[in-house]
Amino acid sequence: MALDKNGIAQRIAQEVQDGFYVNLGIGIPTLVANYVRTDIEVEFQSENGVLGMGPFPFEGEEDADIINAGKQTITTLPGASFFDSSLSFAMIRGKHVDLTILGAMEVAENGDIANWKIPGKMVKGMGGAMDLVASAENIIVAMMHTNKRGESKLLKQCSLPLTGVGCVTKVVTSLAVLEVKNNQFHLLERAPGVSVEEIQKGTAGTLIVNGEIPEMILS
Amino acid sequence: MINKKVKNVQEALQGVQSNMTLMLGGFGLCGIPENAIAELVKLEVRAVTCISNNAGIDDFGLGRLLQKKQIKKMISSYVGENDEFERQMLSGELEVELTPQGTLAEKCRAAQAGFPAFYTPAGYGTEVAEGKETREFDGKMYVLEPAFKADFAFVKAWKGDAAGNLVFKGTSRNFNPNMCGAATITVAEVEELVPVGTLDPDHVHIPGIFVQRIFQGKNYEKRIEQRTVRKKQ
Amino acid sequence: MINKKVKNVQEALQGVQSNMTLMLGGFGLCGIPENAIAELVKLEVRAVTCISNNAGIDDFGLGRLLQKKQIKKMISSYVGENDEFERQMLSGELEVELTPQGTLAEKCRAAQAGFPAFYTPAGYGTEVAEGKETREFDGKMYVLEPAFKADFAFVKAWKGDAAGNLVFKGTSRNFNPNMCGAATITVAEVEELVPVGTLDPDHVHIPGIFVQRIFQGKNYEKRIEQRTVRKKQ
Amino acid sequence: MALDKNGIAQRIAQEVQDGFYVNLGIGIPTLVANYVRTDIEVEFQSENGVLGMGPFPFEGEEDADIINAGKQTITTLPGASFFDSSLSFAMIRGKHVDLTILGAMEVAENGDIANWKIPGKMVKGMGGAMDLVASAENIIVAMMHTNKRGESKLLKQCSLPLTGVGCVTKVVTSLAVLEVKNNQFHLLERAPGVSVEEIQKGTAGTLIVNGEIPEMILS
């Protein structure tokens, strides 16, 4: 069965390692924080100027001056810090953030990503995404495998304006975990109960299936 | 001590005119110069170019200037959450220059620090880099981005003193420090104007040299865009 | 919270080898990483390149490494006050690259922030610019300066916590924050290692993400180069 | 009579205006602070990271962590701030400092200045001087008119390695106040009792003497 957003987040949380500084994008990536193992140390950075984000505040304790990049009220954990936008992107551009997780409208087999604009329809802007994908060496895309019309979001080539070129290394979708290398999507894991054929059908880009593909283990 | 204090928002905005380029601090509605924005609406300046990470919401923040059609051009990184903005942009009434967020911050800082331009990897290979100089360093491609040039910068701080020293709170800091000194005149509004000598010199975020005018702000609404909470267990 | 605390200076300097490039914070003897320097002397690493605004005095600061002839090359802005330095330089034993002070700071900051190079007006038309790319922006000439590349950065802060967060005091701040995260490994020594959660998040000067190792320093001498005082009237 | 260092500092202090942020170099410029009018507001910046410098500390109150660019122990005044080197030079490069006063070994009639190196003899380094002269629009040089061998320090062309090109706008020496413009030294004032002839004799660069030259007024 295809994963829902929480399932995708749950699988991605397994990629988060002890000692990682992690930047979570808006949408599915935000949910990843809920599933990270509690026996490892991870710090979440938000590009609007906070390191060491904690859970949402208790009702009545929200502070308009303490938000994340999704404009949600948040709290901070002991050891947190606030800083200006320039220093925040110094963390990102300077490769101090270890893992970037973000959503996408399209990913191409060469690692290109598009997630900020649909010409003539939707122009919200790139926010910090272009800085993140241009600098991060460890980028995981979280998205549904196909769009609402059932069309593949894993393409030979992006059709929408790009956010970054050749930067995506891993994609976790509602159907699969895929590595992006050598201009191909390499199938690593299937969502529970999802067949290789279903994944193949939903993937417009080149899909490499090498040997037996295990199912994800979502504890 | 060089005194930067002005008596109110009217005096602080003296000299602001139509067709100027204005920088405004804030991320979403967090840390925006609420008093300066309200006064810009009153002053009815027109055809201004606004450099600000976001464009507010329909009835707050820069959305108020959009409603009155006072803005000719927005330079921002993210402009969702605003229907009037979308309408003006799609109809061609409003010019929009979308810039990666880190690039936006650094274009402010470059202006503040006297750098004419800088190379950043953000946007390389995308339409953001179209028409711009690109260059390779150590096998990686970069885009040359010029510093901003602005007439006024409006920033909001938590505390400040008459010397122009500023201290920010939480994530309302964001672009505000980077915009100080990045325009010809920097106007700071503060929630609390404290006596000179009470701010710890080690913990001043922006030294007064970057600020030309400072005033005690009033009636801060500090609206929350996404109130997310959890229940006490 | 990601724990950066190491037990002592020995553990903090693990991996430092001869021929490496090292950054060291401080201005004169103010804010220098005294413990790291003492350990570098003990470790007898040789032929290191040191990036530091100054070279210490004959028997303190980097002067101690000079005495032992451990330094191959100094990259600094000002190297007066040191006879041994002058002797080694004039005899050709020591290579010296003099860099304008603001350029030195920005070459650190560029490395910290992921900028490959930057344009600065400092040194244009002087021997500092010889062999470097120059360029005009808005009628003014600039020199292209590359970011530093270093193996270790040694900084000294007043307070810090196990998360690597740092707070500096007075003018002992100087180059220290700009060097954090500007090398492969940043080692911070602090006068006081405080419990995590006690530093005000609004007043952390350097967030822990820029620091790989932190330790409680010992026996700070904090020598004064020019003791200037006035008499009480 | 030619001015001594304190006399030069006293005359330069008259150039400091209300509301100025001022950077003082090492040597004579440091003395300027002693002579600035007390009825105007001025803030002194030191490039090692302090704005709002006060007088030297009282004996026993000196703090190793609070020094100026000359490595002297100092105090701060109410409204002072400390900052890192990068932000300090943002103040300088970004033209936020209104007046820079520094010493020199040579000044040329085109505004070039040399003050950091005597090849083969003395190499102390430029410190912050190259950043200061490359960015400041208001630079006053404080120096003796001639060197210890009696040779002019105001030249047609600098013989020593340059610190900056075409940047000096005013020179105050032991003999005179001179404006530097159109590749000439324009004599503005004479030190008390010093004749135009003496100044001419000590000036190797082109000296323009227009009309009656007043004596400096040192109150």
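The chains carry the letters A, B, C and D, assigned in the order they are written, with residues numbered from 1 in each.
Going forward, a residue touches a chain if its C-beta (ideal position, glycine included) is under 8 Å from a C-beta of that chain, and two chains touch if they have at least 3 such contacts.
This structure is a prediction, so every number in the text was calculated from the model and none was measured.
Counting only chains that touch, the fewest steps needed to get from chain A to chain D is 2. Chain centres here are Cα means. That of chain A falls 36 Å from that of chain C.
Centre-to-centre, using mean CA coordinates, chain A is 28 Å away from chain B.
Distance between chain B and chain C, defined via averaged C-alpha coordinates, is recorded as 33 Å. Among all residues of chain B, those that touch two or more other chains are 109, 114-115, 120-121, 168-170, 173, 201-202.
Among all residues of chain A, those that touch two or more other chains are 50, 82-83, 86, 89, 92-93, 135.
The touch graph of these protein chains has some other shape, matching none of line, ring, star or complete. All chain pairs in contact, by the document's touch criterion: A-B, A-C, B-C, B-D, C-D.
Interface residues of chain A facing chain C in the complex, by the touch rule stated above, are 19, 21, 41-43, 45, 50-52, 76-83, 86-87, 89-97, 135. Only residues 27-31, 53, 76-81, 86, 89-90, 96, 98, 100-106, 108-109, 120-128, 158, 168-178, 205, 222-232 of chain C touch chain D when the two sit together in their complex. Per the touch definition, chain B reaches chain C in the complex via residues 114-121, 137-138, 140, 142, 146, 167-170, 173, 201-203.
By the touch rule above, chain D contacts chain C in their complex via residues 46-50, 55-74, 82-86, 88-89, 92-93, 112, 116, 120, 123-131, 134-135, 161-166.
Chain B meets chain D in the complex at residues 1-3, 109, 111-115, 161-163, 165, 181, 196-197, 199, 201-202, 204, 207-210.
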